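Please go over the structures that come below.
The same subunit A turns up in both complexes below, where it pairs with subunit B and then with subunit C.
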Partner chain A sequence: MKAVTWRGVNEIGVEDVPEPTILNDHDVIVEVGLSATCGSDLHLMGGYIPAMRGGDVLGHEFMGRVGEVGPGVTKHQVGDRVVVVSFVGCGKCWYCREGLWSLCDNGNPNPGLTDALWGQGIGGCYGKFPLGAVMNKALTLRGAQQHGHRYIPEILDRMSRDEVKTEHLATHVMALDDGPEGYRMFKEKEDGCVRAVFRPGG
Partner chain B sequence: MELTATTTVRRPVAEVYAFWRLLENLPTFMEHLDEVRTTDEKTSTWTASAPFDRTVVWEALVIEDVVEERIAWRSTEQADVPNEGAVSFLPAPAGAGTEVHVHLVYDVEAGKLGKAVAKYFGEEPHQQLDDDLRRLKQVLEAGEVVRSDGAPWGKQARKEFPQHPAQPMTAEERREVLGA
Partner chain C sequence: MTTSLGSVVSLAARAGSSVVRQVRSVVDPSHARPAGAERPASGWLVVTLVGEPSEIDTDRLHAPLAEFGDQLEVRVRAAPGGKGTELGARLRDRPSGSTLTRLSGSDPRADLRSALRRAKQLIEVGEVLVVDPGPHGERAPTPGGTLLEMWTRVAPQAGVR
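Our next item is the complex of A and B:
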């Protein structure tokens, strides 16, 4: 599978990586149709996240089609069109049940360090360090963290009625092969770039 | 070495108690335990991994069992590392599930092996027990110990730095991490 990867500080590449596989019973594999750049990618690009390794795949805001489901998945089936929020919510803990998805108690596969640092484990998320949850959950600081899952149905509904325009956000739609250029333009805000959006198919 | 830890699980007391009382379930969330095999209502055989690819095996006896309230156990006389533990289950306030209070005691002064095991627990045995209870919560609430490509080790997650972006594992890495 082709992916945009982090090669080193401010060095982005496009390379072949192994095909994803189901790890948890509740996993699904999404065939990505479109993937957007996110402001927090800039922290990853700039080398501010110490755990980054060369070859790590970038991109945690995406949509597509369900290609495979784990044995514990009941809500989705192969072929469903889905929008993915970067935070991993279990859907079962108190926070998820209250719609506070980014504060999920169970979504982080390895929260030991943050537990030690802040006295509270933090939520899990795809491809970044979820500091927002710490701010909401454990400290008195307020973060800009959105509980995005909660709003997606309403946003999709409004988009289908043409009440929400998104053209001004997806300013630069390009092929995945142009990922390094797209991330550069996004970082420099070149040519009025609000979001670079990548299409794996070209 | 004496350890205590607490968590709140959003499941009814009866369910959390029943899960723990079936001691075979303990290795699903306790990092150092490989297997627990019950021999009868009160006795069981516990196998734990120890340093240098060794395993430690001991017999344990349930010494207290108050249904939906408390379970206590201790190792029998032959154990290399004498240990005992107790877990209490309390209804959490506002119907928020079950508070799980765990208390473990390991007699690590009892011999060389004890010291080796203490070392194996690392510098932060409390963190390990906290992590064990977090996985208990994951198993009971979400149905499994969660993994990601960036932290695929399940209950051995402390082996590595916390989650980071990653790429999918190769077949070889998958075999190494998951043993499958």
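Our next item is the complex of A and C:
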């Protein structure tokens, strides 16, 4: 599949990358319909997150259609339209049960360092695009994150009743091939760019 | 997600183990004095689990912990504040290792630390999270990336305690 990737400091590319596969029983693979730029991408782009590697896939705020489900998935089936929150939430730990998804105890594959920094392994984040099971290598900060999962149902409900409008945020909707240009415009806030949104389907 | 980058960097800069050690010695002054005189057992490593203490059968531990056999001592008790159950484990005849070896996952308890984390995931979720391999483009070597690869190899075993 095609993906927007980080090639180096302020250098964005479009590459062919391998298809994602189901790694966990509870994984789903989402065929991305739209993917938005996010302010945190600017940290990644500018090289402020030291662990970025050339070839890392960008984009962690996206929506689309479920294309494949793991054997443990009960809530979704192929064809469902979904909005994805970038945090990995196991749904079972104390934090997830309390709706504190971004504090999930079980979503961090590299807990050792964050144990040392913050006293506990913090939540992990889908750092890549589309939803493979790859994360932002545990570089998210516990406590500074929005529990997005909690609010999505309400926001979608209000959007369906026309009480919340979001069109004005997606100022620049582009093809995925225009990823480098979109990220540049987003960074420079050129042409009133609030969010560049990419449409992998063209 | 929006991270406060400044605080990440400053925290990282201040992350000297001395800070961690100070905090820890206030919380648990016993860590420096493991029980047993001649061949001390390692200190307790503990994870907090959802559910009641009665739900943990210490005679039928999950595979990652069961592998340690008689070497392992296990402790189960209610977590404070109604936050579930504390599952503690320590190895007999095994010292705790230095801060440096703990942080780099090369101390005598490194395997136990990893096993306890996997056991928690099995008990709570039913599977251990796998994240690699994930799709990526052509790899260009970067200093940070090399460090990350090294870290990813040791991280499951590494920890403060």
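Convention: the second predicted complex is superposed on the first by the 185 of 202 C-alpha atoms of A that agree within 3 Å, B and C clash if a C-alpha of one lies under 4 Å from a C-alpha of the other, contacts with A are read in each partner's own complex, and residues count from 1 in each chain.
Everything that follows uses one rule, which is that a residue touches a chain if its C-beta (ideal position, glycine included) is under 8 Å from a C-beta of that chain, and two chains touch if they have at least 3 such contacts.
Since the model is a prediction, treat every value here as computed from it, not as a measurement.
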| item | value |
| --- | --- |
| Subunit A as common anchor, with subunit B and subunit C clashing or fitting | clash |
| Contacts of A:G64 with subunit B and subunit C, given as first, second, both or neither | neither |
| Touching partner for A:S86 - first (subunit B), second (subunit C), both, neither | second |
| Residue contacts with subunit A in the superposition, subunit B compared against subunit C | C |
| Touching partner for A:G182 - first (subunit B), second (subunit C), both, neither | neither |
| First, second, both or neither for A:P200, with subunit B first and subunit C second | neither |
| Touched partner set for A:L44, first subunit B, second subunit C, both or neither | first |
| Residues of subunit A at both interfaces, subunit B in one complex, subunit C in the other | 1, 3, 5, 17-20, 23-26, 49-53, 55-57, 60, 72, 88, 90-94, 97, 105-107, 109-113, 115-116, 121, 124-125, 128 |
| Residue ranges of subunit B touching subunit A (in the complex, touch as defined) | 10, 96-97, 124, 127, 130-131, 134, 137-138, 141-144, 146-154, 157-158, 160-171, 174, 178 |
| Complex contact set, residues of subunit C against subunit A | 1-5, 7-9, 11-12, 15, 17, 20, 23, 48, 50, 83-84, 103, 105, 113, 117, 120-121, 124-127, 129-132, 134-145, 147-148, 151-152, 154-160 |
| Subunit A residues touching subunit B - in the complex, by the definition given at the top | 1, 3, 5-6, 17-21, 23-26, 44, 49-53, 55-58, 60, 72, 88, 90-94, 97, 105-116, 121, 124-129 |
| List of subunit A residues in touch with subunit C within their complex | 1, 3, 5, 7-8, 13, 15-20, 23-26, 38-40, 43, 48-57, 60, 72, 86-88, 90-94, 97, 102, 105-107, 109-113, 115-119, 121, 124-125, 128, 132-141, 144-146 |
